[in-house]
Amino acid sequence: MDKSLTWREFVITRLIQACCYSAILFVLLIFFFLLREGLPALAEVELESLSNIRWYPIEEYFGILPLISGSLIITLGAALIAVPFGIGTAVYISEIAPRWMREILKPLVELLGGLPSVVLGFLGILIVSPYLRTLLDLPTGLTAFTGSLLLGGIAVPTVVSVAEDALDAVPRAYREGAWALGATRWQTIWRVTLPAARSGVLTAVMLGVGRAIGETMTVMMVTGNAPVLAVRLASLFSPVRTMTATIAAEMGEVANGSVHYHVLFFIGMVLFLISLGVNIAASSVVFRAKKRAERILS
Amino acid sequence: MNRFFAHNRHAVQRLGYSLVTLMAVLTVIPIVSTILFILYKGGPAISWEFLSGFPHDGMRAGGILPAIIGTVYLTIGTAVFSVPLGIAAAIYLAEYAKDTFLTRLIRIAIINLAGIPSVVYGLFGLGVFVLFLRFGTSILAASLTLSIMTLPVIISTAEEALRAVPQAFRTVSISLGGTRWQTIRRIVLKEALPGILTGVILGLERAAGETAPILFTGAAFFLPRLPVSPFDATMALPYHLFVISTQVPEMPVQIQYGTALVLLVFVLSMNLIATVIRSRARARRQW
Amino acid sequence: MKRVIVVILLFSFLSTSCGPADSTQADSSAQYIENKGSDTIVNLALAWAERYQSEHADIRISVTGGGSGTGIAALINGTVDIANASRSIKEEEIAEARTKGVNPVEHIIARDAIAVIVNPDNPVNELTLQQISDVYSGKITNWIELGGEDRPIVRLSRETNSGTHVYFLETVLRLGSKEDKTLFSMDTLLLPSSEGIIAEVRQNPNAIGYDGLGYVPQDLKMIAIAAEAGGAYLLPSIRSVNNTTYPIARDLYMYTDGEPVGAVKDYLDWILESEAQQIVAELGFVPVE
């Protein structure tokens, strides 16, 4: 092999490696930055005050619990909608629908994913929230439920799209093997194809839920932004305030370096840590599943 | 329980099929009705003047050209930074990396990037690109912020696409004397390209539609002229829609729907391209 | 494959090269004025900017909202020429500015009334300031306590970064008293924009909201307000604001770093003249006398 080829190979390999390491660099950078701007909040505001239940920053009330509860309740609601509908639709498109329908359905579902959150928020204010108010006889239609509904809608296409790709990537041989052994198509889907695509499907769910937690504009427009502690089931049908909407609404007005500024970065840090926790948990599940699959197949 | 399912497997199949079909239907109907609704309400507003003119009368009349151009600039800027980096990182992860602790850490890092809320990217972009690096509220700062947000989507879908290429392809190529990079470039990448491209387009689609990351890093409410340098701030379709639907009194509803429709069409065309690529590739796939 | 890429590039190139002819001319001789801040003032600032630019081709003005707090923060950070604010600058902000070498100078550019609005089907017509304060602090929770129907009260407010919010807190909730520490009730909905409040009040009979007069459309109902029980109930209008009988009226401000010079000075001088002040009236605000 001529020298220039090996040398070129070497350079390219290193270049690609560098690109990859930059990904982890960005995560570290973001984390470091959030830490640098967010930790001073712990010094400036006592922990007691942060775990207060009132959030009113212009009068020095920095209780972040209502914000955390708001984000959690909305994400939970969105996940409850997105996971079954997303995976179900993915299974339908990948395994059951005839070829021609698949070519129409898949891009159609992805369309909704491309619908910007602002558009959904604006439809939410104009149509969904008044409708929900009259349908469920609520004081106002700007509630956590409205947010969850729309967020579920935003997350579903991501789940469908990635899960469908994962299901489709399962080699035909797996299915054919199952059919040859006499399994019905549904048994094949449920017991062979889905488990084989498990890591891809889990990635799909995580990407979808990640999308939901991180949504800002839709929740800012339809959840009412009232900083109430949302712990009861009834809270689902009252206004809540999420961490994301808080940052978006208040970031513009804080003076660089003020206490409010640090607290907002602190909230950003909390958001980051929550998604980190969820992802690590999911990653370890995927990892263990992969290891098991490898052991079985080898 | 399993025995029950096994003995009644045809009934179970019918049940399972109906359930899943129902889910698909309930997912598709809202999508179709939403799009048709926006088409119906926004269609009347679309005209050449609307697409090529500047806004007048406090945004209540005239066109949305600067917002359209701004979104195009931002999308191109995002692609420039995120696509090469993302695909390269995916290649490394799928083809080169051994399963060490470090690579597992990198994978976790990437999946985490995907989970970070878009507004946190906005915060990060504000602190680092706008303030620290002194790019100011600019297309450059906004594009960089959007790129970091798009990276994980590109990396994870590209990696899945690369992994899906059967090992046999690589083995044959190496056994015929190809180097690793030659194998990747000529064989694996080519086979995985449709999947990678789909991921890229999905990622860019999202970048085009996001508001939160550009709120503090690049978006402006009203600019008197089109941006001429990467250091200019810009109007952008999603931010424009947000502003006209929430800030401007007496805003004709038709213009709001019209703007939403334009944004939708922008995104739809990207989707169409992705679909065409994907279906043509699937038809040609040999595995 | 390659063809697709070419098509995409072609499309983006074409779309960037089409546009009105004057935008491609080099205007390096143009002066740029950056204007940011209050969402109450933003539409007024936009109307002014449009009119001024049509008369002065060499000036370019960019306008952005974000709230009074945003504008003042930007002025302190040195990223704007003019900050719009619907409240006066706070002591802490002045101190912060001084530490960064910025000297905020206040200009009153228009006046505004805060209208308290309810759904057109709501039978309640008049309230005292104390009653409104009690509603928003959570002491009164049902319309029936105000002589209306048996409905829960849904309180709408602007976000905390809004000058309008701060003004309402100080003047209505706390009735102007500095020692009073009354706060908004925790379940008050904090909407990110004036239009959000209008949209909700328009379709929700339980709602009460407040907004600048310029934002209230014809089809919404304004409450006549009395400063004290037994006093006259007044609706907001140019007259009741200018003869200071309407209890919740305020000045609108533009802040600059030091006394304005050059293009910024010309612009601010123009704003106080009759042409610009007529725009003020057209938009529903109150011109300065």
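Each chain carries a letter (A, B and C) given by its place in the written order, and its residues are counted from 1.
As a working rule, a contact is a pair of C-beta atoms (placed from the backbone, for glycine too) under 8 Å apart; a residue touches a chain by one contact, two chains touch by 3 or more.
Every value quoted in this text rests on a predicted model; they were computed, and no experiment measured them.
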In the chain contact graph, what is the shortest path length, in steps, from chain B to chain C?
1
Going by the contact definition above, tell me which chain pair has the most C-beta pairs touching.
A-B
Taking mean CA positions as centres, which chain lies farthest from chain B?
C
Centre distance in Å when chain A and chain C are each reduced to the mean of their C-alpha atoms
34
Report the inter-chain centroid distance for chain A and chain B in whole angstrom, where each centroid is the mean of the CA atoms.
14
Which chain B residues reach two or more other chains?
245-246
Could you tell me which residues belong to chain A and also touch two or more other chains?
125, 221, 252, 256
Can you list the chain C residues in contact with two or more other chains?
192, 196
Chain A contact footprint on chain C (complex, rising order)
66-70, 72-73, 76-77, 93, 96, 151-152, 154, 159-161, 166, 181, 183-184, 186-192, 196, 199-200, 203-204, 206-207
Inside the complex, what are the residues of chain A that reach chain B?
1, 5-6, 8-9, 12-13, 15-17, 19-24, 26-30, 33-34, 37, 84-86, 88-89, 91-93, 96-97, 103, 105-119, 121-123, 125, 153, 156, 160-162, 165-166, 168-169, 171, 184-187, 189-190, 200, 203, 206-207, 209-210, 213-217, 221, 243-244, 247-248, 251-252, 256, 264-265, 268, 271-272, 275-276, 278-280, 282-283, 287
Applying the document's contact rule, which stretches of chain B touch chain A when the two form their complex?
9-10, 12-13, 16-17, 19-24, 26-28, 30-32, 34-35, 37-38, 84-85, 88-89, 91-93, 96-97, 104-124, 126-128, 131, 148, 151-153, 155-157, 160-161, 164, 166, 179-181, 195, 198, 202, 205-206, 208-212, 215-216, 237-239, 241-242, 245-246, 256, 260, 263-264, 267-268, 270-272, 274-275, 278-279, 282, 287
What residues on chain B touch chain C, complex-wise?
52-54, 56-59, 65, 68-69, 72-73, 75-76, 136-137, 193, 220-226, 233, 243, 245-251, 273, 276-277
Can you list the chain A residues touching chain C in their complex?
53-54, 56-59, 61, 66, 125-126, 130, 133, 139-142, 220-221, 224-228, 238-239, 241, 245, 249-250, 252-256, 258
